[in-house]
Structures are given as structure tokens and as C-alpha cells.
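Listed below are the structures to be examined.
The following pair of complexes shares a single chain, subunit A, combined with subunit B in the former and subunit C in the latter.
== the complex of A and B ==
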């Protein structure tokens, strides 16, 4: 069968199945007819089958170089390596939309399967209905305004190729992991809305969606980190985060969902903050959609140039409808959601979580407000302006430091109630260590406020976490008589839900160290060198020793070799490149990196002059590698918290 | 007891003082610092520290010349504003309507903190009056029993 026909038909069938599911579910709910609901459930599962067929068709079209398909011709060419051909699937908007609908329908199929014995419950049909409506929205767009299977009136001999900047493994996995995160929050959102419509407002929805929340958060975290990593190794401007509107669009839901994950714990334990959690999950979902709107509408200028794609209006309508609908629902169920809160003490884990929420949301707000301020300003004053990196750094840095302080204080404060004396006892050691750390850095010459505060707080938080680990290990030793060395990993594993959280926090501390080190103590230098000449930066001397050019698959490469010495001792060679891709107008610079625990040496070659004279841009980014390690730990800690315990496994099987 | 408390407070106080003294210590101005505050005039919306086009190169060369003359950030930015208008800046100048952008996050933070404090205080009050209203029946008179309840609650929390 022709893959274009298969794609078009499957897409249409998926949309029809989603509509059918909605119809059957509504009928079932209206007539209280279980058979109809069951039929709706099956129709909803069928959506996944059809979207999978459509996804298969698009992949085949890429792999067989079918350039009559406009989308394939725009993002692939014959010379493109196979791996990138397969992943060009989501290189543009139309394929991304199909990817989105596909993953969402697979997630839905999983929910449908897991709830197969729960269709009698009051809220289940509503969960299906919300999910069916959301997937129907995406399928509507795919079938009407943004189909990846649209044909060109002619068949071009070759495609336009994939932007060389995107031909990088980090970039290949950055968009889909972000999507997996965005899409994942649809499930808890649907559960929350269903709970409100059906009036089943017990924390059941939270317990059932805990893994979805954390998993989506993990994917969002991976997506953001990969984006930063890609920017760092590929773009060659030496940084990893530019507070660009599109980056912010992924960061805002991350912040809101982080807040949600924290207060969800409180609701699970104490059954309080129920209204607040509804608000947060709705906000998480809405900020995901808002991010998509920002990215796809072209209303803001961004370094991520997706152009105005005509989809913005649809997402805006979807956003407004979902926003108003959720608001009405929350208002209607407010009286039922309200609980009699009671705290035994002002000083409790519950109250620190509330303050952590305030700060996380303040950062989310400042990021959102800064991102859309150009639009607000244009409406009010008529003047176009930009709100860029320095704004976000200045506004958010103090907020982040406050958040870090709370991260450290939190483990010191017990649930329900903490006694002042106890707190002081716990506080003394970490605070003294932080102070000592700060003093040492001061003596070593760190004299600016933010880095000193950040490093001191990093020591403080690490100390509180380590103390917590030590206390756990000691308690287990007392209980079992195991040696500390054995007790520590065992207690970490046994109580992984809790210690996973601390691992995430420790990851964040490392990230703060990496970010602070590499921004506050960055050294940069640019020089034009002839062969044989050298430049110095920090402890390094870079001597330009060789130049060569060669053809490599779909590109011509010009490479300069530099002999590196550090403190006078030879430290190997580095090669930095400029690449001219077939089908690309602009050459790209290939970053050369020398990574160590202490610092990164970062080289790019912005220009090649006559007689192979090169302009070399060198930077030393201290401690940056710890930022990436920290990111990895955050993901690892997140995974720890969602690995089911044996007891739970037994319960589910 | 008293001396004990003050000695425990002192590290924190010292830390705060020590950090406060250091606030605002300046570092040498680098080209990247200047670049971050400017957009490339040829590429709409692209900050100069990310941009790599030839028009951006002209701006970079100008920054280098001015840095070599020892000019500070404000002077260099003022030059570019005089050439290209305020649209060339990545950060809105702190005046007029732009102040809203600078103030809003902190106003929101303040509102959030005040709300959270009020809520926590109210919950605390509810907890106390709730306990009082419940009267005897639910209090645990036996200290040994109370200790056991506390321990078991702790254990329950540890398991989660």
C-alpha cells in the first residue's frame, strides 16, 4: 500500500475513533449504560493502533526518500545518515504533532489497559472522556491544518536536508523527551478533572497518578538538560541556557510540576491542600499547552526559529477553553475540596513545603512574566522591546538562592512538628560547615556575593542531606546490626521514595555548583593565529600546529589542530572544526572540548582567514561538568522514587 | 542554656553579615557580559552573545574597541542605544512602564509569602482549637502510650 495513503487514512481513522469514543462515553454517561462506556473504552484504545500506523507510514516515507511528501522534502535529503533520517520524524512541526498524538494515544492505551477493571467507578468514564477530547484536538489539527502527509505538486530530485545544527545526538533526543514530559502531564490532568466532575475527590487520583507525574517530570528534566547540553556542545557560544522564550516555555511547567510533586506528598500524607493541588496540576497542564502555543505561534522572537506556523490560534483557543473549564470546575468543587487544615506547629515540614511552593511559583511567574512582557509592553506603550538573559538572571538568582536555602532547611524540620531545640541541634553542623566553606572561598579570593552565597548554601544543603543519609544508615544499623557500609545502600534502597528525593536535591546542589562556577568564574579570550603561533588562557597555552580540510559524508570539514600545554606541561591535542554542509547556507562551528573535574576548556573557530589563519575563541568554564553530573543525579533520584516496592508489586499483581 | 543558644545563633548571624559585606563587589567587565545586554542588529531577537553573523562581528569589534579604552557597561550600552535605539537592548531600561517587569516578580513573591504565612498561622490555630474542642476522649493520658503512638507514627513516616 502507498504509504501516503496509509498515513492519511490512519490519521483520519484515529480522529474518527477518538470522536466515536467521545460519543459512546457521553451516551454511556447519559444513559448510565456500562456497555456503551466499555465500547467507548475500546474505541479510545483503537486510537493508539491508528496513530501507530500513521507513525509507521511517516517513518517509511523518510527512510525511502519519498520527496514528493512536502514534510520529507523539507527535513531530509539523500545524503542524510540513516539515523537522522529516522529521527527527522520530529524535526519539524507537522511530524512533531503526529509524534505528540502518537505518544499521547499510547499513554492513553496504557491508562485504558490499567483501568480495565475500573469502568464501573464513577470517575473512570470521565477520565476517558477528557483524554479522548485532548487527543481528538491534536488529531483534528493533524487532519485539517498540519498534516505531515501533504504532497508537493511535483517530486523534487532531492530534499532540502536536515539543518546541520540539528544533526547531533543531543538534539535528536531533546525534543522527544520534552514532548514525553509535556504529554505525560495530560494523564494526571485528566484524572484531576475527572475527580472534580464526578465528585470523587479523595486522594485516589493523586496516588494513581504519582508515577505519571514524576515520570513526566523526569522526561521534562532530561529534555531540558539535553537542550542545554546541545546548546553547549553544538552552538558554540559557550553557554547552555539563554532564557530564550522557547527554553522558558519548557522551564515554566518544570517549575510548576516540581511544586505540585512536593504538595502532592502532603496531600497523600495528610489529605490537606486539596484545592491547591488541583490548581497546580491544572497550571502544569496549561503551562505545557501555553509553551506549545508560544513555540508554535511565532508571537515572540526566539533563537528557536519555528516561524509562524498558523497553529498558534488553535492552541490559544484550546488553552482558553481548558483554562476557563478548569477554573469553573475548581470553583464548583471548592466547597467539597476544602478541608479543615490543622498544623501542630508553625515549624513543620508541611509549612516548609508551602514556602517552597511560593518560591517555585515566584520563579515560574517571573519567568513567564519576563517572557510575555514584550507583548504586554507593546500593548500598553506601543514600544517593542526584548527581555533577555540579564533580566532573568538578576530576578531569578536571589529566588533560586532562597529555594536552595529551603532545600537545606527542609530535612531539618520534621513532619507535623519540629521542636526548636531539635532544629538547632540539627542546624549547627551544616551551618558551621557552610560558614567554614564560605570563609575558605573568601580567603581563596572569591569576593562576589552571589557565588559565595551559592557555594556556602551548596555546602549547607549537602551537609543536611548527608546527615540525613547517615541518620538513616545508623538507624538501620541499630535495627539490624549490619555494618554502616552495608546499612547505607540498603536503607537508601528500602526507603528509595524518600532518599530518591534527597538524591534529586543533591543533584540540584551539584547543578548550582556547575552553573555558578562556569558563569561567575568563566574566562574567555579570542585571538587570531597563524600556524605556529600560540595564545594563553588561564593555565593553558594553545599552539596552532596544523590545518587540514577533507570531505566527510554530507559535509566539507576544515580542521585546525592545537597543541595544548597546561602549566607548561603537554596536555594533548585539540581539534576544532568549521563544517560546510551540502544544502546549508551557513557553515557551522564544531566545538572542541577538554573536560575535567576542575574545568572545561572550550574552543571554537569563528573564522578562517587567508593562508589558513584562524580566529580562535577559547573559554575556560570552571566546574561545569558537575552541572551535568547533577542533572544526571536528578534524573536518577527521580527514577528511584518511582521504582515500585515489593509490597506494592504484590498488591498490583 | 542561654549562652548555648547564642553560640548556636552566631554562625548564622556571622554568615549573613559576612555575605552582606561582600554584596556588590564588582568583577572585571568582559565582552560576553556586554554582549548579553545587546541584540544583534541584523538578526531580530538574537542576543549578541549567541549570534555569530558578520553584522554581529561589527558590533563585537566595536565593543572590543570600547573595552580597550576602559569604558564601562553603561557607556558602551549608551553608545549602541544612540545608534540603534532602545530596541537594541536585551534588558528593558528600569524606568516608566518597564518598572512593572522588574517589580512584578518580587511583588508576587511578597504576596505569596504573606499568604503562606497567614495560612500556616490559621492552620496552626485550627489545629489548636480543634484539639481543644475534641476534649478528653481523644487525648492520650498515659505518657508511655503517647510515646508509643509517636514512635509508630514516626515509623510509618519512615516507611513512606
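== the complex of A and C ==
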């Protein structure tokens, strides 16, 4: 069968199945007819089958170089390595949209399977209905304005190729992991909305969706980190985060969902903050869609600019409808959601969660504000005023430090109401360690406030986490008589839900160290060298020793070799490249990195002169590697918290 | 209202106030005006604040000293083609930077008011990789 036909038909069938599911579910709800709801459930599951077929068709078209398909012709060519051909699937927005619909329908199929015995419950049909409507929206776009199976009126001899900067392993996994995260939040959102429509407002929806939330959060985290990593090793400007609108678009839902994950714990334990949590999950979903809108609409300038695609309007309508609808629902169920008991004391663990939420949302708000500021200022004052990186750094740095402080305070403060004496006792060791750490750094010559504060707080938080670990291990030792060395890993595994959280926090501490080190103490230098000449940066001396050029697959490569010495001692060679891809007008610079626990030496060659004299851009980024390690720990800790235990089925707490 | 709730509310208000202040201060410290080349020539520039200008590179005006990393060129207003302004940029010439390329500059006028000294230079080449605003 012709893959284009298969793709078009499957896409259409998926849309039809989603509509059918909506219809059957509505009928079933109106007539209270279980059979109709069951039929709707099956139709909804069928969507996944059809989108999988469409995804298969698009992959085949890429792998067989069918350049009559406009999307394939725009993002692939014959010389492209097979791996990148397969992943060109999501290189552009039409394929991304199909990918989105595909993953969403797979997620839905999973929900549909897990709830197969729960169709009698009051909220289940509504969950299906919300999910069916959302997937139908994406399928509508695919079938009308943004089909990846659109044909060109002719068949070009070769495709235009994949943007060379996207030909990087990190870039291949960055978009899909972000998508997996974005899309994942659809499920808890659907549960929350269904709870409100059906009036089943018990915390059941929260418990059922806890894993979805955390899993989506993990994917978002991986996606954001991979994006930063890609920017760092591929873009060649020496940094990993630039507060670009699209970066922000992924960061805002991350912040909101982080807030939600924290207060969801409070609701589970104490059954308070129920309205707040509804608001947060709705906000999480809306910011995910808003992120997509920002990327797709072309309203803001960005490195990721996909050009105005005409999809912006659709997303805006979807956003407004969903936003207003959710707001009405929350308002209507407000009286049932609100609880009588509130926080018992300002000095309680609950209240640290509340403040953590406020700060996370404040960072999300300031980031959103800065991102759309050019639009606001033009609307309000008529003058085009814009803010960039300095704004975000200036506003968010103190907020992040406050957040870090809370991360350390939280485990020191007991639930409900903590006593001052207790606090003093818990506080003494971490606080004095932090102070000592700060003092040492001050003596060593760190005299600026923010880095000093960040490093001291890092010590503080690490100490509180270590104390928690030690306390857990000691408690288990008392209980079982095991040695501490054995008790520690066992208690971590036993109570992984709790300790996983601490691992995430420790990952964040390392990330703060990496970010602070590499931004506050960064050194940068540019120089033009003839062969034999050298430049110095930090402890390093770089001598230009050799130049060569060669042909490699779909590119011509020019490479310069540099002899590196550190503090006068030889420290090996580095090679930095400029690559000219056959299908691209612009060359790309290949970053050369020398990573150590202490600092990264970062080299690019932005220019080669007529006589092979090279312009070199060098940077020393202290401690940056710890940021990546921290990111890895955050992901690991997240995974720890969702590994199910055998006993969990019987126990709910 | 319970005393605790009051205290909590007070603390929250303090935080929100602080955040509001941070944002306001952030905007006034770091805000950058968009201006067209024509507007700068006619009105001059606000002294205190940085300015972001976009325009295109006038053909035949590019002068790049690779040894000293000095780039001089003339930028032309995107609409009024007779309005031009001299630019000085200290740094590496971006890959996408060429004649007719669209550029976004951030910086301020020099003391004499003749040359625009750019601190950042983004070039966008009018090709299929239009999307790729290279950071330089």
C-alpha cells in the first residue's frame, strides 16, 4: 500500500474514532447506558491503533526517501545517516504534531486499559471524554491545516536535508522527551476535570495520577537538561541556558508542576489545599499548551523560531476555551473543595511547602512576564520595550536562593506545629556548617554576595539531607540490628518515595553549584592565531599547532589542532572543527571540550582566515560538570519515587 | 480569622510584594527599547538605556579586521532604505553575517553620536535556515 495513502487514511480514521468515542460517551452519559460508555472506551482505544499506523507510514516515507512528500523533502536528504532519517520525524512542526497525537493516544490507551474495570464509576466516563476531546483537537489540526503527508506537485531529486545543528544525539532526544512530559500532564488534568464534573472530589484522582505527574515531570526534566546540554555542546556560544522564549516555555510548566507535586503530598497527607491543587494541575496543563502555542505561533522571536505556521490561532482558542472552562469548574466546585482546617502554624512543614509553592509560582510568573513582556509593553504603552537574559537573572536569582533555603528548612521543621526548641536543635549543625563553608570561601577570595550565598546554602541543604539519611539509617539499625553500612541502602530503598525526594533535592543542590560556578566565575577570551602562536586563558595556554581539511560523509571538515598546557605542564591536544554541510549555506562550529571536576575548557573556532589563521573563542567554565551530574541525580531520584512496591497495593499511605 | 492564618497571609503578602518589586526593578534596570534605524537618526537615543535595533547590512560596507576582531559596517533601515547608520562591533564576525543579512544589534551610540557601538550582534541570513538566529 502507498504509504502516503496509508498515512492520510490512518490520520482520518484516528480523528473519526476520537469523534465517535466522544459521541458514544456523551450518549452513554445522557442515557446512563453502560454499554454505550464501554463502546466509547473501545473507540478511544482504537485511536492509538490508527495513530500508530500513521506514525509508521511517516517513518517509512522518511526511510525510503520519498521526497514528493513535502515534509520529508524539507527535513531529510539522501546523504543523511539512517539514524537521523528516522528521527527527522519530529524535526519540523507537522511531524511533531503527529508525534504528539501518537504519544497522547498511546498514553490514553494505557489509561483506558488500566481503568477497564472502573467504567461504572461516576468519574471514569468523564475522564475518557476529556481525553477524547483533547486528542480530537490535535487530530483535527493534523487532518486539516498541518498534515505531514501533504504532497508537492512534483518530486524533487533530493531533499533539503536536516539542519546540521539538529544532527546531534542530544537534539534527537530533546524534543521527544519534552513532548512526553508535556503530553503526560494531560492525564492528571483529565482526572482533575473529571473529578470536578462528576463531583467525585475525594483525593482519589490525586493518588491515581501521582505516577503520571512524576513521570511527566521526569520527562520534562530530562528534556530541559538535554536541551541545555545540546546548546552547550552544539551551539558553541559557551552557555547552556539563555532564557530564550522557547526554553522558558518548557521551564514554566516545569516550575508549576514542581509546585503541584509538592502540594499534592500535603493534600494526600492532610487533605488540605484541595482548591489550590486543582488550580495547579489546570495551570500545569495550560502552561504546557501555552508553551506549544509560543513555539508554533511565531509571536515571539526565538532561536527555535519555527516560523509563523498558522497553528497559533488554533492553540490560542484551545487555550482560552480550556482555561475558561476549568475556571468555571473550579468556581462551581469551590464550596465542596474548600476545607475548614487550614495551616495550624506558620512554623510547620506544611507552611514551608506553601512558601515553596509561592516562590516556584513567582519564578514561573516572572519568567512568563519577561517572555511576553515585549507584547505587553507594546499593547499598554505603544512603545516596544523588551527584556532579556539580564532581567531573568536579576529577578530569578534571589528567588532561587530563597527556594534553596526552603529546601533546606523543610526537613528540619516538623509537621503541623514545630517547637522552637526542636528547631534550634535540628538547625545547629547544618547552619554552622553553612556558615563555616561561607567563611572558608570568603577567605579564599569569593567576595560577591550571590555566589557566597549560593554555595553556603548548598552546604546547608546538603547537610540537612545528610542528616535525614543518617537518621533513617540509625533508626533502621536500632530496629533490625544491621550495621549502618547495610541499613542505609536498605532504608533508602524501603522508603524510596521519601528518600527519592531528597535525592532530587541533592541533585538540585549540585545543579546550583554547577550553575553558580560556571556563570559567576566564567572566563572568556577571543583571539586570532597564526600557526605557532598561542593564547592563554585561566591556567591554560593554547598553542595552534596544526591544520587540516577532509571530506566526511555529507560534510567538509576543517580542523585545527591545539597543544594545551596547564600551569606550564603539557595537558594533551584539542581539536576544534568547522564543518560545511553539503546542504547548508552556513558552516557549523564544532565545540571542543576538556571536562574535569574542577572546570571545563571550552573551545570553538568561529572563523578561519585566508592563510589558515584561526579565530579562537575559549572559555573556562568552573564546576559546570556538577550541574549535569545534579541533573542526572534529579532524574534518578524522581524515578526512585515512582518504583512501585509489592505492598503498596494493600496500603494507601 | 485565625491568628495563624493572618500571619501566613502577611508572610505571603510580603513575598508577593517583594516579587513585584523585583520584577519592576528588573524591567527598569535591564529593559531595552526597540528602535528602527530611522527612528534613531531622527530622535537620537535615550542615554541611560540600551537599545535594540534591527536592520540590514548595506552591501560594500563590511570591514572586518580578523586580527583585532573589529567589525565595522553600515546598517540600513528595513523600510526607509536611505536611512543608514555606522556600526562598530568588537568580536567575532558571525557566520550568518553577510551583505543584505538581517541583523539585530544591541548597544548605544558613541559619544559623538555618529557610530552605534554594538555589544551584541545577531545575524539572520535570508535562507532556508532563516530560523537559525546564531548567537554570537
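Basically, the second predicted complex is superposed on the first by the 643 of 653 C-alpha atoms of A that agree within 3 Å, B and C clash if a C-alpha of one lies under 4 Å from a C-alpha of the other, contacts with A are read in each partner's own complex, and residues count from 1 in each chain.
FYI, a residue touches a chain if its C-beta (ideal position, glycine included) is under 8 Å from a C-beta of that chain, and two chains touch if they have at least 3 such contacts.
In this text the structure is predicted, and so the values were computed from the model without any measurement.
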Clash-or-fit label for the pair subunit B, subunit C on subunit A: clash
Contacts of A:531 with subunit B and subunit C, given as first, second, both or neither: neither
Contacts of A:442 with subunit B and subunit C, given as first, second, both or neither: first
Contacts of A:612 with subunit B and subunit C, given as first, second, both or neither: neither
Of subunit C and subunit B, partner touching more subunit A residues: B
Which of subunit B and subunit C A:399 touches, first, second, both or neither: both
Subunit B versus subunit C as contact partner of A:143, first or second or both or neither: neither
Partner chain in contact with A:119 - subunit B first, subunit C second, else both or neither: neither
Which of subunit B and subunit C A:431 touches, first, second, both or neither: first
Partner chain in contact with A:585 - subunit B first, subunit C second, else both or neither: second
First, second, both or neither for A:380, with subunit B first and subunit C second: first
Superposition clash, subunit B against subunit C - the stretch among 3-11, 111-119, 129-137 or 147-155 that is involved: 111-119
Set intersection of subunit A contacts, subunit C complex versus subunit B complex: 235, 237, 242, 301-303, 342-346, 351, 354-355, 358-359, 362, 365-366, 369-370, 373, 383-388, 390-391, 395, 399, 526, 589, 606
Interfacial residue positions of subunit C with respect to subunit A in the complex: 2, 4-5, 7-8, 11-12, 15-16, 19, 22-23, 25-27, 29-34, 52, 66-69, 91-96, 125, 127-136
Of subunit A, residues touching subunit B in the complex: 235-239, 242, 269, 272, 300-303, 340-346, 351, 354-355, 357-359, 361-362, 365-366, 369-370, 373, 376-377, 380-381, 383-391, 395-396, 399, 415-416, 424, 427-428, 431-432, 434-435, 438-439, 442, 447-449, 452-453, 456, 475, 495, 497-498, 520, 522, 524, 526, 589, 606
List of subunit A residues in touch with subunit C within their complex: 160, 163, 165, 235, 237, 242, 301-307, 342-346, 351, 354-355, 358-359, 362, 365-366, 369-370, 373-374, 383-388, 390-391, 394-395, 398-399, 526-528, 584-589, 606-607, 609, 613, 615, 617
Touch list for subunit B against partner subunit A, complex: 5, 8, 11-12, 14-15, 18-19, 22-27, 30-32, 36-37, 39, 44-47, 49-50, 52, 57, 86-87, 89-92, 96-98, 100-102, 104-106, 108-109, 112-113, 115-116, 119-124, 126-127, 130-131, 153, 157-160
